[in-house]
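Read from first to last, the chains carry the letters A, B, C and D; within each, the first residue is number 1.
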């Protein structure tokens, strides 16, 4: 049974910490500057509170989960890799593309067993779509539609430090696009508005965006983002191929529906990522466990994080300039 | 262009009268003891008001549509057939099985071109199911579920003269069962309650029933009836075969749906038979036009009406006695 | 009963000709340079074959349906309006924006009762969506997704004279966008590829396109076009509002589905516009009949045709230049 | 952390054994006459192999899971209860109603913390339906349809010792009926056939059945059973109330679907109970953990097992006699 440490005892850190045990791993340290959060999570999962140095200096620690605030990701990755630990780092790797590219040499080499947590690649529905696509069920992929709308906007305080809609939210969709298109986008055009809440605009961000990606071979991808759907977490894929369409639809709370005077009504849409991607988080941890056991290499790594960030930056630039951005 | 007469200018008579022209037929007479109804319908469709004798005595009249009150059906059928007219008679042929059987010799012979209007056999959805079933898409039929719930109960005055739920409402389902099972039911068991409105019980009828039919080869059919669905006209079929299930679902007002905080909501279910079976009524008329042109024989005739009535009577008897009724 | 003439006895002309009678109109003349086509259609609907001058010179003719080849639309509109006839003209009004704008003064005035046949505005599903949207069911509209994929590409000979994907096919979607956004797009960006058939590219056209429209208030609209879906006519709308999403989905041949080893399988998607928009064509004719009876003004007119053409031209220019086109 | 023992290391025993840890319980003994099965399961979950006496005699054992063969259930229940253990017993309690009733005094008393594993009551979809029903979302329940078809028949050797379709398979549906009707059925009528495999008939059983239950207040329930659906595990509920219908539909492998020339095709139906009810099994164990901590009483107990068995026996008798059986 291998030991691991987790950096960050916030919302996403707690998810990962609770998924560790089922994968035959032992969570030894919880590291968080917020002493209460660290202590409370450590107690829940039977770990001890530790400092970063202790955790990285403990030879029994095989891997580190980085679930701390975004501005620490890059630094912690570098330190954990330097200490010889396998790393499971939450997205995004950084909000600054130049800085992220600067660390690419250290973090992207084969020896750096750095697994970047783009959780949607581990969702069973999206994996089913991906594997059918790869099996040629709908022929050759031509175009892709990604719908990715949050149920409701985050607090304005969060918006201000989020890096903006493209780096904070659409970054997942850029990764999905790269994963499914199986070819790098070479041109990005985006148009965005502030329609949901003027305070988001005042904070310098947008809340609604449509982005168009194009690859060298002419494949096209449309990404739709909104900070507020009004009906839950809208996470859908449509992949149009030479032999038809393959889609992944939203997940509902249950299969229960009602038929009444107003028509047929389904159960609720799953509301947000903690529910919608609960399975994906478990599967991420299973993947990390396999990396720790040297059974597989990370299926998604540092270079993927840099590439998604580059697309996010290009989209933001396109909104700013009103022009297509070439990559 | 052949001339026809319609007997009955009520709700269903009006439907048929308006469908005549599109089939290349000319509606010459509207016959109804209610002078106003007859005159108004005649004006709408460019026909003249006439008496029964006039219509049946007019040699230019090739066919007669009988859409008058149920108690007149049998008499009018006999008179129209005696006058050498082709007949399109609304269901049921009569409420009395013995009387209906008594007329079988005259009305069921090859020369009597009597088409009985079991409209559901002409519904495009049910026809699609039937033809896929016949083509063996789900192998050999084993069991059948028929759901047939009205949106809301008729007036009590109607209930009193309706012949009861089985003869008035389930008669359609007995015909559907015979049509789809492609084998005569030999045993009937039904259980029924008065759950919707006690006034229906006081009128001597039931408003909720489940009927179980069995054929000689062991095929089973369940019919579910209710006088009140609460959500519109519920008309569904499930045919279970050796190679899977084939179903026909309800028809909605449109494909429009809404996704909101409470989940996904469809448009309304089509409310009742005038909407739900509008196509079926048109196709019935097309079939009658082909009978008049001697292109086809009636696909559903007097004997089918008698057989459905026998099942309805058996179901009512089963409810009365609490026993299986053999046929 | 008012008399009308139809110019054009091709596929769409035949549809309209057959819908005339049900609206209480009399089709007096069928006009087509192809004598056989004219004669055959005239015989079917009980009209006479006539020349253009005869039809326009006949004082008993109240309205003219223009369903001839696109290059004649503008000329025939002008002549019919000059002759004082109400006009029901098939889209597009012309393939040349400058020429179309040149005729705007004559054709867009109140006296010119010119109804432009953007059939999709008359589809019952899309009308249900539009009226719910107008009623505020999902709050204020923010963004719109239009999916419009043909089942399979037209012959290359047609592609060559079609005016290109944007003017020939997407023109409907530009009209839908204007109708539903209820605000003029002010910027257009499109990206297009030739992925379906290289022969389309050799003919100077594209077969796959994604177009992004933006209005002054920041509303965004994505249009997806493909000349080949591989599964039938894909005609869907998604309107995202401040209070949720309202959608119109595809129409299937029937409600019949099968459950088998491979999962659940629906019936076929309606294959192409003649089936999918049969109701819309009937409703267009009903609207034209009301225009002829001076009950309503055309709900969609010449200016709408010019505006949709301007968007089509802008999209084509955007593909050519790789830049946003402002309107 | 409380200790428990499991009796039975077969398919269902393995499921339960693997669910123990997540509920904060420690599985101490695995008991099974098949030494290999016991050893292998014990090794997997970190338990030890033990004999029945050892397990029941160990004062540290708080609860016993009975997942052994059906003929041992009653005896083991009695011994475990006598030893003062809480019991989680798989259904059915026995195949013999008289014998089951004979043990009712010992096993149904308040002190016998005996939880009977009717897993479907713990399915999240069915629980969602039940709680909406209880909340009056569709008014007062009137009738209920339960569809319960297995994907494919069990081996004939199993059929012979299964107790027959009603006690082996429909027993779950009788429990669901009692749970949802919230009123005891007082009359049972069933009709059954052997349509799937003649070998099942030769083994003295049926493979296809429709059962009709009636309660004192006139509520009606139809249960449809088949040993072979041909498309996976068909587990659906339809509850018709005074204010509409509430339904629970089947669960698919994923939300992925394909649109192709033949129409729209879903992913596979979940194939059988191990997948379909994986969540239910976890929730059963959570319930047992709460019973062990004295937080709740068993929500379903011995008397429920006897009542379901009585309905199963009545249905079998009805098939045998062709008569309604009163309870």
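Criterion: contacts are C-beta pairs under 8 Å (C-beta built on N, C-alpha and C of every residue); 3 or more make two chains touch, one makes a residue touch a chain.
These numbers were taken from a predicted model, which means no experiment stands behind them.
Between chain A and chain B, two chains of identical sequence, the interface residue sets overlap for the most part, with shared numbers making up over half of the total.
Between chain C and chain D the CA-based rotation angle works out to 180°, given as a multiple of 5.
Set against the Cα centre of chain C, the chain with the most distant centre is D. Simply put, of B-D and B-C, more C-beta pairs touch at B-D. Each chain gets one centre point, the mean of its Cα atoms, and the points for chain A and chain B are 58 Å apart. Averaged C-alpha coordinates give centres for chain B and chain C that are 40 Å from one another.
Counting partner chains per residue, chain B has residues 138, 229-231, 234, 243-245, 253, 259-261, 267 touching two or more of them. Residues 229-232, 234, 252, 259-269 of chain D are the ones that touch chain C when the two sit in their complex. Interface residues of chain C, counted against chain B in their complex, comprise 22, 124-125, 128-129, 132, 137-138, 243-251, 253-261, 267.
Chain D makes touch with chain B in their complex at residues 138-139, 142-143, 145, 149, 187, 189, 191-196, 208-210, 212, 214, 218-220, 222, 224, 226, 228-231, 234, 240-245, 322-324.
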